[in-house]
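Here the chain labels run A, B, C and D in written order, and each chain numbers its own residues starting at 1.
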Amino acid sequence: MEASKKRQSEMVQEISGTNPLKCMKCGKCSASCPAYEKMDIKPHQFVSYVINEDVEALAKCDSLWVCLSCFACVERCPRDVKPGKIVDAARQLAVRQKGGSYLVPDEIPALVDEDLPQQLLVSAFRKFRR
Amino acid sequence: MHGIGVFVCHCGSNIAATVDVKKVVEMARLEPGVVHAEEYQYMCSEAGQERIATAIREKNLKGIVVCSCSPRMHEATFRKCAEKAGLNPYMVEIANLREQCSWIHKDIEEGTEKAVILARAAIAKVSLNTSLLPGESRVTKRALVIGGGIAGIQTALDIADAGYEVDIVEKTPSIGGKMAQLDKTFPTLDCSACILTPKMVDAAAHERINLYTYSEIEKVSGFVGDFTVDIRKKARYVNMDKCTGCGVCMEKCPSKKALSEFNSGLNNRPAIYTPFAQAIPNVPVIDPTQCTKLKTGKCGICERFCQAGAIDYTQKDEIVTRKYGAIVVATGFEIIKLDNLEEYAYSQSKDVITSLELERIMNAAGPTKGHLERLSDGKAPKNIVFVQCVGSRCDESKGKPYCSKICCMYTAKHAMLIRDKYPDVNVTVFYIDVRTPGKNFDEFYRRAVEEYGVNYVKGQVGKVAPQPDGSLLVHGVDLLDGKQLKISADMVVLAAAVEPSPSVRKIATMLTASIDTNNFLTEAHPKLRPVESPTAGVFLSGICQGPKDIPETVSQAGAAAVKVVGLLAKDKLLTNPCTAKPDELMCNGCGSCANVCPYGAISYEVKEINDHGIRENRRVAVVNSALCQGCGACTVTCPSGTMDLQGFSNRQILAEVDAICR
Amino acid sequence: MSMNTEFKPKIVAFCCNWCSYAGADLAGSSRLAYPADVKIIRVPCSCRVNPMFILRAFEKGADGVIICGCHPGDCHYSTGNYYARRRMTLLFSMLDYMGIERGRTRVEWVSAAEGVKFSNTMNEFVDAVRTLGPNKRLGDLRCKD
Amino acid sequence: MKELLQDGTVNRVLGWKKGDLPYNPEPAFFKSAEELDEFIYDGFCGANLSKYMIAASALEGKTLVLLKPCDSYSFVQLMKEHRVDREKAYIIGVGCKGKLDIERIKAEGVKGIESISGAEIDGDCSTLKIGTIYGEKEVAYKDAMLERCHVCKGKEHRIYDELMLESADTLDSGRFEAVEAIENMTPEQKFAFFKNELSKCIRCNACRNVCPACSCRKCVFDSTKFDSAQKANVDEFEEKMFHIIRAFHVAGRCTDCGECSRVCPQGIPLHLFNRKFIKDINEYYGEYQAGNNVEDETPLTDFTFDDLEPGERR
């Protein structure tokens, strides 16, 4: 059990390519986050979950799906910790566990709205891809 | 060589734990030339040294090897010990059994085997050692201080008061530095100018201090005790002897578009200017990039109005060459550029300013005459947000990895002063940590919170967004309350990181003083020699060595001065005898050794050489051993091996190689 | 047990007194281990290292030679390591040209503060030399089969 | 030449003297007009006379020296190293139509040579007519040329007081082709190649003695300073390392005159060492020709802040 928790935490670090220990808890990520109000776990708290090897809680939280993947936090983080990448990695872990109940790529073009901003699409792909 | 003694130190258990010292002694005895070998608990102790001295005397040892810690640690100790016992100090070699053996190896067999080899190499080397006598070099009793800020001024004053001549070289037209730009100082809130200007006057009036303002270091050669420095005195276009400092020229100058460096570029100054009213020397300079006369040949107004006839458009840069015994670097700091931190909108809004700019705004001699107002529209701000750690404690892609150390305190000072003078202004400080180690520092910060009602919020600002109505929307977070904040401010003050003055890199290269990745000068030892550079005769004062506030800078300035005085008080210095030595018989006189010598220590003479009975005049290399520092560059460039390095001769090094590879 | 794990290479490291030797001391005081195969010779500057020393080491049975000096720009003698860099660039290129394995020679700039780098460098270098096995080629250069 | 010698402008002439065979003229000092009768300058006068000027610089009066275009580089390099005295030399730059290699002629299967014509400097130098005990044979001049002439640096003298005789262009192959070919070998092939070549070395020191850059009063290999003296016969160190160290010592100073390879009795292509250094220097630090002039900084006593690191490639 302990080992699998540790493994999950390592997976997040591996996928995200970040080192949560670099965080100095300045909160700039939370200050920058446009989705802050809707989040249950705030951006500056992500690193603690990884350090404390509680990725499970992170993978279950709403923030995972509230995050817009705008990467403002990644861009501005003074220590290059990239909370957005951490949440992205947690999301991938969650997605991997859930199994394949997602869109087939061929179905997508029909569903795309012309007026939709590109960035949203990319974010959506990042969030919902398998 | 016969008569070698080997002394193996246990260093308590530091060496003895992973090296079988008895075995090392046993093996050393088998080496050729070794007549004595022993081990002892602590060779560097008095009892240990006594053992060595006794053995040297009783067994008439010709050379000794001490197997102990690094030679960087105790080579000098054992050399002294040998000298006292009547052995030339350069007949001592150290085998580094601690740092380079016992401390890195866990296996005793492996450690012992390596220790035996290291001892063997040292024995092989010492058997080829020759007695060397250090030379003497004179000490020029004059010091150079580079930089005329508070660090440089204080160092110069202390050296001069101790009785030695000092020159200060300052690149701007006046001494005073950054401290002259400050309004008040923490934690006492006394006026910066009030405490600095008397020191500036003292320095200028001191009979043993000579100021070279508007001057830069051009070239440095020589070594401790005997540096030769070229100083470029930039053309002032004003004759310093004639100028009375009346200031009419500055009033009359029609070209007033240049940004005032002293006021952080917040207002303008004329082309002919002194940086500030209390400048020392009170002699203006003409900025050649701004002066119409110098650019187009037309104008000449200042010359016409100058009663003293001091204006001289034909002045040229002048190089003065001076000799010094010691050099102090006090080049200070600059505020970093904020290009990588665009989220704070520094370049987008005039009302986002740095703390140094606020310093000028609050100063009575500043661009707003001391009135707190917005630079965009001149209105009095109602909400001010301070942002801490701007570019400090950052990943290297964004800013500086270090803490700038002074920002927490000056921000508390600013917040307090504003609340004191304008009680209706709301002041919010976004901080990550408030760092206040220092006498009366935390008390000062607490007063800002408790007495002056400054609103401290833990959390970094994410973004500053200029609004169409001219206000600034600050996106922040209160991490303790778990709330995201959006504060409408009308002024944002950024505590931008400090960095060493960019000029220091060039100066460090000229001085061969080492510099770290952040361009701070490296000290000789971080704890025990904090004001000395590893380069002998070069000392450090102020922020050039690392971030520090005024009291720390002044103490370091005093410490550097004492070190300088200690050096200048000596009449002669002993020089390193490990210098290059040419063999005249072999020398081709080809010139390649002089080409690679960084000290100009090699010259060529035509000498009559007696080469096995054949007398002829030959051009041969001659080494000035006072200039030679013993790097050995010449020894390798010389194809015939004419040049050899005493103490590290070809044969000695080859003997070590052979012993290691045996 | 393969040959490589038993093979204990002889490695000679020339370290300049001001930076790399101090870096090695720091590795020691920080207890950063590296193989005992490495034996350090102290020289005042990397520019003191004569190609003769390197070839002599190989001749006497060294399996690898590494030269460590101050980082370019930080030389205690201001320019020594720049000369060393040119000399070693050419010498190592020549050895490579003669078919002597490139992995047996190395130059690394290690400052007095880089104990970790010193230790890592030595670990890497010893590994590389171990993989190459005992040095035979220089010895064999003039022996006809 | 005779006039200059007779009117006292020069005290002696440094040139080539007829040998005992048609193809082996040798360097010689001529002190009188009579002695000059034995003077010769033809296609076999490959010897670079500039090194003899070191000794001549110590003699009384001026020496008239004949330098081929490629020899003049060596002379300039020696001037740069303060080894020869320009004031003591009267330099006649002689033209060159390529110099011949008797080994190449022999390699063509020519044996029992009695006479050779067609090597005269004033001829057209296209065909050699060789009289042998087996009858007359013909060899194309070009095929008999030394390797160095095929990669000629050009027929312009770097220094002279007077020019004589015509030159002919002989450059017809790439200077670094052979070096590149070796560079492209596998480490095993490289090793095998050099092992084969160096195994022939008998340490006769001919290469060292002829080399204008190897002009040390005392060679390190004869000196006590490196523990390498008097061991030539017992310690194989010198023998193995000699050529590497020799090439290193002349790196940046070697003008690529090719004398080392010309004189090697074992036919070891020693220029391949020097030329490798020259190629590397050109590639890493910019084109450099030793002996071009006296002003240029020698590559190994120079540097730039952003030089390549060892092993790095541009």
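FYI, a residue touches a chain if its C-beta (ideal position, glycine included) is under 8 Å from a C-beta of that chain, and two chains touch if they have at least 3 such contacts.
This one's a predicted model, so the numbers in the text were calculated from it and none came from an experiment.
Student: If you tally contacting C-beta pairs, which pair wins, A-B or B-C?
Tutor: Most contacts of the two pairs: B-C.
Student: Please work out the Cα centroid separation of subunit A and subunit C, and write it as a whole number of Å.
Tutor: Chain centroid spacing, subunit A to subunit C, equals 46 Å.
Student: Hey, how far is the Cα centre of subunit B from the one of subunit C, in Å?
Tutor: 31
Student: Let me have the rounded angstrom distance from the C-alpha centre of subunit C over to the C-alpha centre of subunit D, please.
Tutor: 36
Student: In subunit B, what residues contact two or more other chains?
Tutor: Each of 596, 637, 650, 654 in subunit B touches at least two other chains.
Student: Considering subunit A alone, which of its residues make contact with at least two other chains?
Tutor: none
Student: Can you list the residues of subunit D that touch 2 or more other chains?
Tutor: In subunit D, the residues touching two or more other chains are 220, 226, 300-302.
Student: If I apply the definition of touch given earlier, which pairs of chains qualify?
Tutor: Taking the chains two at a time, the touching pairs are A-B, B-C, B-D, C-D.
Student: Give every residue of subunit C touching subunit B within the complex, in rising order.
Tutor: Residues 10, 12, 17-18, 21-22, 24-29, 31-34, 36, 39-45, 47-53, 56-57, 60-62, 70, 73-80, 83, 87, 113, 119.
Student: In the complex of these two chains, what residues of subunit B are touching subunit D?
Tutor: By the definition above, subunit B touches subunit D via 583, 585-592, 595-596, 604, 611, 616, 619, 637, 639-641, 644, 649-651, 654-655.
Student: Which stretch or stretches of subunit C touch subunit D in the complex?
Tutor: Listed in rising order, the residues of subunit C that touch subunit D are 51-52, 55-56, 59, 72-73, 79, 82-83, 85-102, 105-107, 137-144.
Student: Write out the stretch or stretches of subunit B touching subunit C in their complex.
Tutor: Spelled out, the residues of subunit B in touch with subunit C are 70-73, 96, 98-101, 103-107, 110-111, 113-114, 117-118, 121, 509, 512, 514-516, 534-535, 578, 596, 598-599, 629-633, 635-637, 645, 648, 650, 653-654, 656-658, 660-662.
Student: Provide the residue numbers of subunit A that touch subunit B in the complex, in ascending order.
Tutor: 22, 24-33, 36-37, 42, 44, 72, 76-80
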